[in-house]
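Have a look at these structures, which come just after this line.
Below are two complexes that have subunit A in common, paired first with subunit B and then with subunit C.
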Partner chain A sequence: MSSKPRETANVGAGLWKATGMWAWLFFRISGVLLAVYLLAHIIVISTGHFDWLDRLMKAFDNPLMVILDLALVVAVLYHALNGVRVILMDFGIGIHRHKVMFWTAVAVIVICFAVFAYVAFTFIATGAGVNW
Partner chain B sequence: MAEITFRVKRQDPTDKKNPEARWEDYKVPFEGNLTVLEGLFYIQEQYDGSLSFRYCCRASICGSCAMYINGAYRLACQTNIKHLDIIHDAEPVVTVQPMPHVPLVKDLVCDMDDFFAKYEYIEPWLIRNSQDPEKEILQSPKDRKQIDMPIDCILCGCCYSSCPSVWGEENYLGPAALLKAYRFEVDSRDEARKERLPRWDNERGVYRCHTIRNCQEACPKELSPTEGIQWLKKAAVRRRLFGRMK
Partner chain C sequence: MKAETINTHRGGMWSWLFQRITAVLLIVCLAIHLILTHIANIGQIDMENIGARLANHGLTAVDIILLAAGLYHALNGLRMVLMDYWFSTRSRALALTAGLWVVGLVFLGYGIWALWPWIG
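Let's turn to the complex of A and B:
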């Protein structure tokens, strides 16, 4: 195929109303973030400096790090649930219900996030875990 | 409301003096059932004869006048201005631009060569290996129903232009060609499944589709190329696993 210059101005302005486009974009972004996170995670674990690791774990008590942890929860949940949605569609399940599936995934994430956020902010406020 | 503003994106890449894109406003008298295509005719006749756009049937059957109108893929002939949201504005503006992500020829005319080359690659015609019957090839109503959706495709190219997989990989066949592959895959009269299979069963074919579904959102005929592509994926996997040629 030829590679001619393409009309790209105002890229897909109307398409941003489409649920599938956002689902795909967030899927890609969360995938890249998780790949970077996992790489960093594996590198740190594989150094074998456990005193160093202990100090690092202490650093995670910092409220900013707790909030970043929450962001990680959202990225993992979204990537996992949207992955299930895409696999189901690949099997031909819910082809006409992809928006419902997307919003179901979002609802599950919101509920899980609420639980995690409750734990996290209790920790930030009191410095201890939640007594369930 | 007597007049309506058409904001048209003009560009002539071959014009050495002024090859850049520019927006131009035209006032068009508005009444009752004015379509975008009729508005473009008016501009061409009254203001600027050099305005270029494709059209043919004026009945949303030929797929020539697909454009990007007010932030959505639409057929100019099918788009009645009184049905657009902007009609409630104090000064309604209809924004008309060529389909994004497709090479531009001039003004609203897109270069669809790649699109049709890919379409042709899929061999979009009925192929028979067995002896033809004396009269027509019979098909049960149930089998005929299978091809109800894909035969409505008018090859306007909206799905092709809207697909992020096409933007990123220029050799990807695109939703329209794959929908046509699906159309013959489910047609009980066709006998070239084995020959067509290697053309779409690869990373330039169905597996490049990430089920983003922009094609479904864009289609002016409200078809679902994604549905066809997913059906093809399933058929391909079934064949790989069980070696079954249905």
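Let's turn to the complex of A and C:
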């Protein structure tokens, strides 16, 4: 089967079905989004025009932008925790418990997201961060 | 399980290994980065706030690791994705790899240049 052209091979997916398919697909989508975001982030933050950046960052302190920030947090959390799952698989941890591993990762994502969402909605409601 | 469905080494052994090393670095440094920017300083981010944090050499180091590891991980990840599509042949994959190294080094230089006042 190694003679099969890569274009037609079942690339990257491993087993193209069920939960693993979605785990792989969202990993890939979030990865590409984060790569694009990272490059844009570096271009903008590194310009050195402090006045311009201060005005830009003021513009980010409105509810719509905070919600978009939360969407970014979801992409980061999903990519990070699914990545941890993949690395654990590389070490042979959980290879007979794929679904348990995946849903454990999702549970950790939900818990972490709850913290970020709490801070974000507190900021939207009160205009300030959470006083821990 | 068939070998070709589970081959994680298509991009090369070092690419595979460094993708995992940078992943672990990113989890630690990105957690610090997101807790400081999204949780501790929400609504207060401006260049003064960022500068105050960069005055701490430990956090400047975190930012440099984020820059280097983030660029490697992002561009190597894009490389792996693109090699599943049009860049699948050997010559195209080589051209892609060379191109992405140029992009990565330019962005690394640009980021280091911006951080230089706090490094030097």
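In this text, the second predicted complex is superposed on the first by the 115 of 132 C-alpha atoms of A that agree within 3 Å, B and C clash if a C-alpha of one lies under 4 Å from a C-alpha of the other, contacts with A are read in each partner's own complex, and residues count from 1 in each chain.
The rule is short, and it goes like this: a residue touches a chain if its C-beta (ideal position, glycine included) is under 8 Å from a C-beta of that chain, and two chains touch if they have at least 3 such contacts.
Values in this document were obtained by computation on a predicted structure and should not be read as measured data.
By the touch criterion stated above, A:116 is placed in contact with subunit C alone, subunit B being left untouched. In the superposition on chain A, contact of A:90 is made with both subunit B and subunit C. With both structures placed on the common chain, the touch criterion links A:18 to subunit B but leaves subunit C unconnected.
Looking at the superposition, the partner that touches the larger set of subunit A residues, subunit B or subunit C, turns out to be C.
Looking at the shared chain after the overlay, A:103 reaches neither subunit B nor subunit C. When the two structures are aligned on the shared chain, A:73 is found in touch with subunit C, with no touch to subunit B. Residue overlap on subunit A between the subunit B contacts of one complex and the subunit C contacts of the other covers 1-2, 4-7, 9-15, 90. Per the touch definition, subunit A reaches subunit C in the complex via residues 1-2, 4-7, 9-15, 28, 31-32, 34-35, 38-39, 42-43, 45-48, 50, 53-54, 57-58, 60-61, 66, 69, 73, 76, 80, 83-84, 87, 90, 115-116, 119-120, 123, 127-130.
Across the interface of their complex, subunit A is touched by residues 2-6, 8, 10, 20, 23-24, 26-27, 30, 34, 38-47, 67, 70-71, 74-75, 77-78, 80-81, 83-85, 88, 107, 110-111, 113-115 of subunit C.
Interface residues of subunit B, counted against subunit A in their complex, comprise 9, 13, 21, 68, 70-73, 97-104, 110-111, 113-114, 117-118, 162, 164, 170-171, 210-214, 216-218, 224, 226-227, 230-231, 233-234.
Chain contact summary for the complex, subunit A toward subunit B: residues 1-15, 17-21, 23-24, 86, 89-92, 95-96, 98.
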